[in-house]
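Both complexes below contain chain A, partnered by chain B and then by chain C.
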Partner chain A sequence: MRNVIISDATLRDGSHALSHQLTKGQIAAYAQAADAAGVPIVEVGHGNGLGASSLQVGLSLLDDREMLQTARENLSRSRLGIHVIPGFATINNDLRFAFDYGVDVVRVASHCTEADITERHISFTREQGKEAYGVLMMSHMAPKEVLLDEALKMQSYGAEAVIIMDSAGAYLPTDVMDRVGHLARSLKIPVGFHAHNNLGMAVANSVAAVEAGARIIDGASRGLGAGAGNAQMEVVVAVFERLQIKTGIDLYKALDAADIVEKSIMASIPYISSVSLVSGLSGVFSGFSKHVTLAAIEYGVDPRDIFFELGARKVVGGQEDKIVEVAMELKDRRERG
Partner chain B sequence: MEKLLREMIAADCQEVVGSSPEALDKLRNRLLYVTGGTGFVGTWIAEMVCYLNQVHGFGTGLILLARDLDTFRKKAPHLVRCPEIRLVGSDVRDVIDLPSEVDYVIHAAATPDNRQHMTNPISVMDTITRGTATILDAAANLPHLAKILNVSSGQVYGRQSLAGTAITEDTVGEIPVNSITSVYPGAKRYAETLCSAYWSSRKLPIVTARPFAFMGPYQSLDKPWAINNFIRDALTDNAIRILSDGKAVRSYMYPSDMAYWLLRMLVDGGSGMAYNLGSPYGISLREVAEKVKEFSGMASEVLVRGMHEDNSVFVPDPGLVSASLKLEVKVDIDQTLKRSLRWFRETVKR
Partner chain C sequence: MEKLKVAILGSGNIGTDLLYKVLRSSWLECSMFIGRNLSSKGMSRALSLGVPVSDKGIECIRENPECCDIVFDCTSAMSHNLHAPLLAQLGIIAIDLTPAKLGPFCIPAINLDACLNDVNINMITCGGQASIPLAWVIGQTQKNVDYIEVVSTIASKSAGPATRLNLDEYIETTEKGVKMFSGCGRAKAILNLNPAEPCIDMQTTVYAKLPEVDLPALQQGVRDMVEKIQQYVPSYKLVIPPTYENNRVIMSVRVKGIGDFLPSYAGNLDIINCAAIAVAEEFAKKRSEQGVI
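What follows is the complex of A and B.
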């Protein structure tokens, strides 16, 4: 039987779905439930990670310290994880205090071609004796050879795993097999996979990732996450049980945790909206959905056109200001005929 | 540096030189020039020369070339005060001439830090390739040149089969040319070949050392290497984590042995020869972690995650250095770890 580590992104990627308005009560209740289920890693924070709360990408209701403290107080078995994008999060202002709040696992992320920027954050994490994972976001934008090159950099910096993110939900299972397999055969550290469900493939892609050699799979209860959501964690756990892939998670308790998300956290169940589907097809970051929808309304343009134009321009997370720029240009183009 | 640490290093030098300093007599009243002079290798060469001068009256002069002298001044102020040591601040690629009095050259300018190899691959390759050519050209003009020691790397052996045998100097392994991981070993192979070309065409007396792995004073615990992480985690009372099954076998040489071997290779190594530089005593990573835990006295757990199998063996065969230079390891793995822990405890305290 194969072993896979499940990393739970409900309270981090799920924050996108709530416009980063998670409350202390929600964090406490879900963390307790995930801990009881034996989820190995529970990520907490703003959707874009530590230090990201801002007008541009969305202001959090709670600051990072409140979120981490609340989660820490309610986790005993599960390790506390954070998502860190260098630039949003600095070592001295953000990462250092995160360790004071008991963070165990730091997932240091960059765009899939920019692993160089993760060196100091990964090194600092290892120097504190904590676990550091490298994360390559928007991985569909680079061929597998480039992904390996970037992953090797993270490995050399001391990363103890490399997670490739399908941030746009653009992959089909064959894409996942090809990329994860290439990395798993070539790296000395475990490979992980983070799915989004824009094309309805999140769980199937997670299975494909494990078949190709992934040892870490991200999921979120009820799929709570940016855009069409993540791989639905309780479904992943159940499917893995059928496939004799061991996660160490108690399925009934994972279902209880998912019920808490449905009843007490999410405003609506994630589904593949037209906008999310187009996000996946155009290969644009799922977290842009709310921004695109708002810009489309404000400028009276079709959100699907915005997504395809953003995809053509290869816009990535952190370039949210491009959404308005594209919406304005589309409006201008239409008015000029 | 505190007296305790200086005494510790002096005792280390005494141990390896023993009562037979005459093995290094060729260095008496000679002048050494070391590139990469303030790095791990250069600092230990300086410690050894300082010891030979102070205890055995060698009168050996030493010029240390490096880009960053300020860090060295803070790290080893006692060496800066040593009257026979002179510091020169320059990039090795910018060297035009060496002082005409120089007798021996040790070329050690290159970082083994694989993070640098990945982040600045072009600069790393350029420093190794152009730096080596620059130093060889400059050395070729020296009127009294006795020997050049090119400090290469055990990584030139490339990927090894999993046969588990120790690596001899004539082992040839694959180095994929289209991978970022080949930046350092590829450049080091080129540098060795360049040395062979200078030896052949310009008759320069060049010997090559191929270092494996080391642990001891002046190492940096922030390096992303297994043993460094084990010690750092033990000293900070964090769990020691091994991702693999812990079966990979490595060997670790204490730096006083390293410095002595390097000086012996410099004075007695055969021109045109390459020698392994490292301990021949292999040990699994799991055993290293267990020893670090035991010797540190910390409560740290050793967590073997077993996420993948690793049966790799990277251990030098000692046959050639033993037969031709009569070199042997004086500091075993237990002492290497105990002394390292003591050093890092003291330096962290400071």
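What follows is the complex of A and C.
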């Protein structure tokens, strides 16, 4: 029987779905339920992680400290995780205090070709005696050979696992097997996979990742996450049970946690909307969804056109300002005929 | 007219690009190009341009302090902390392109003259040179500014190893500059690297949160500021004029480089180097008026 660690992104990637407006009550209720279900890692924070509350990506209702403190108070068995993107979060402004709030696992992320910017944050985490994972975001934008080079850099900085993110939900299962397999064969540390459901493949892709050697899988209860959402965690747990992949999570209690999401966090759970489907097809960061919808209304243009244009320009996560520029250009182009 | 002698310390992307700009200046002469390794790309470029080179780092200046009046320090913040006292002792002006933050912050379009009284001038960061002038205009034209945020995206190929290792210093230095020049107590800086090919041009967006916006004053102020910056960075271009949308003010500029050492996408190198040249040329003009050279 294989063992897989499930890392729960509900209270972090799920923040995108709520425009980063999670309340203390919601964090407390969900963290307790996830803890009771035996979820190994519970991530908390702004959708783009620590220090990312901004006009560019969206302002959080709660600051990072309030979110971490609330989660910490409600977790006993589960480890507390955070997502950190260098370029948004600095060691002095953000990471240093996170350890005072009892963070256990730091997932240091960069765009999939830029791993060298994670060196100092990974080293600092290890120096604090905490667990550091490297995360390669938007991994569909680089070939597997490049992903391996970048993952090897993270391994050399001290990362204890590398997570490949399908941030745009652009993969099919064969893509996942190819990439995860290539990394799992060559790295000394475990490989993880983080799915988005824009093409309806999130759970299937998570299974493919494990078949190819992944030992960490990210999920979110009811799929709560950016765009079309993440791999629905309770479904992943159930499917893994069928496949005799051990997660250590109590299925009934995972279902209870998922019900809390639907009852107390978000009535309309993420689904594959027309805009999210186009986001996956165009290979654009899922977190752009709400911003694209807003800009489309503001400038009276088609959100699908915005996504395809952003895809053609190969924008990466963090470039939300491009959405406004593209929307303005599309409007201008239409007005000029 | 005799030109003012400048040495370039650091032979990476910034230093080598700066060399081309010095060679083009009618006020400056590159009397020494200093690195650590004679076979580096920057050093061999300098040799092929017929510029005197040294691989001894700061030792070269210590041994021969007469070689220059100004040093452009393009090394790292940590190295500049060591270089600064030495240069001051030798009476050499330091124009600091690292985020060491020792001397006063200089944005030529705002406070060039005031900086000329100092012997160590800090050029902040590339993103700071692009964003702070706009943040300053916000501070000058608006009341009760609650928060300012500046976001720069640069091509991955334009960010060398030192830039990547110093992202935190970049952010903290840029944030300090934004607060200082705008007068707004809350500020945030974000930096993205984009690996797209062909490479993207540097782009910088400035956001602000404030209860009430005087948009005409802001738009006029930004137009004037863009013109001033274009005098030393010709390709500084407004791509999103100041706009109020979704409860925030947004404006965006794009900076293409002249394409000296790295191709034109590296507007980030260009803007900080053009600003540094503007400072050095102002020193040269002042000395020439005083008849020192």
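Observations, loosely collected:
Everything that follows uses one rule, which is that the second predicted complex is superposed on the first by the 336 of 337 C-alpha atoms of A that agree within 3 Å, B and C clash if a C-alpha of one lies under 4 Å from a C-alpha of the other, contacts with A are read in each partner's own complex, and residues count from 1 in each chain.
The criterion applied here is as follows: a residue touches a chain if its C-beta (ideal position, glycine included) is under 8 Å from a C-beta of that chain, and two chains touch if they have at least 3 such contacts.
All values reported here derive from a predicted model rather than from experimental measurement.
Overlay on chain A: chain B and chain C fit together in the combined arrangement.
Of the two partner chains, chain C is the only one that A:Lys314 touches; chain B does not reach it.
After overlaying the two complexes on the shared chain, residue contacts for A:Asp149 are found with chain B alone; chain C is out of touch.
After overlaying the two complexes on the shared chain, residue contacts for A:Arg77 are found with neither chain B nor chain C. Within the superposed three-chain model, A:Arg65 lies out of touch with both chain B and chain C [touch as defined at top]. Once the two complexes are overlaid on the shared chain, A:His111 sits against chain C while remaining clear of chain B.
Contacts of A:Tyr157 after superposition on the shared chain: chain B is touched, whereas chain C is not.
Once chain A of one complex is fitted onto chain A of the other, the partner contacts of A:Glu119 extend to both chain B and chain C. Of the two partner chains, chain B is the only one touched by A:Glu131; chain C is not.
Contact with chain C, but none with chain B, is seen for A:Val324 once the two complexes are overlaid on the shared chain. The wider contact with chain A, measured as residues touched, comes from C rather than the other of chain B and chain C. Distance between chain B and chain C in the overlay is 5 Å (nearest C-alpha pair, rounded to whole angstrom).
Under the contact criterion defined above, the residues of chain A that touch both chain B in one complex and chain C in the other are 116, 119. Within the complex, the chain A residues that touch chain B are 116, 119, 123, 126-131, 149, 152-153, 156-158, 160, 188-190, 215.
Chain A makes touch with chain C in their complex at residues 54-56, 86-88, 90-93, 111, 113-114, 116-117, 119-120, 141-142, 294, 298, 313-319, 321-322, 324-325, 328. On the side of chain B, the complex with chain A involves touching residues 114-115, 117-119, 179-181, 221-222, 224, 229, 232-233, 236-239, 241, 243-244, 307-308, 310. Note for the complex: chain C touches chain A at residues 147, 149, 151, 153, 156, 161, 164-165, 167-168, 171-172, 188, 190-196, 200, 203, 205, 207, 209, 239-240, 243, 245-246, 248, 250, 252.
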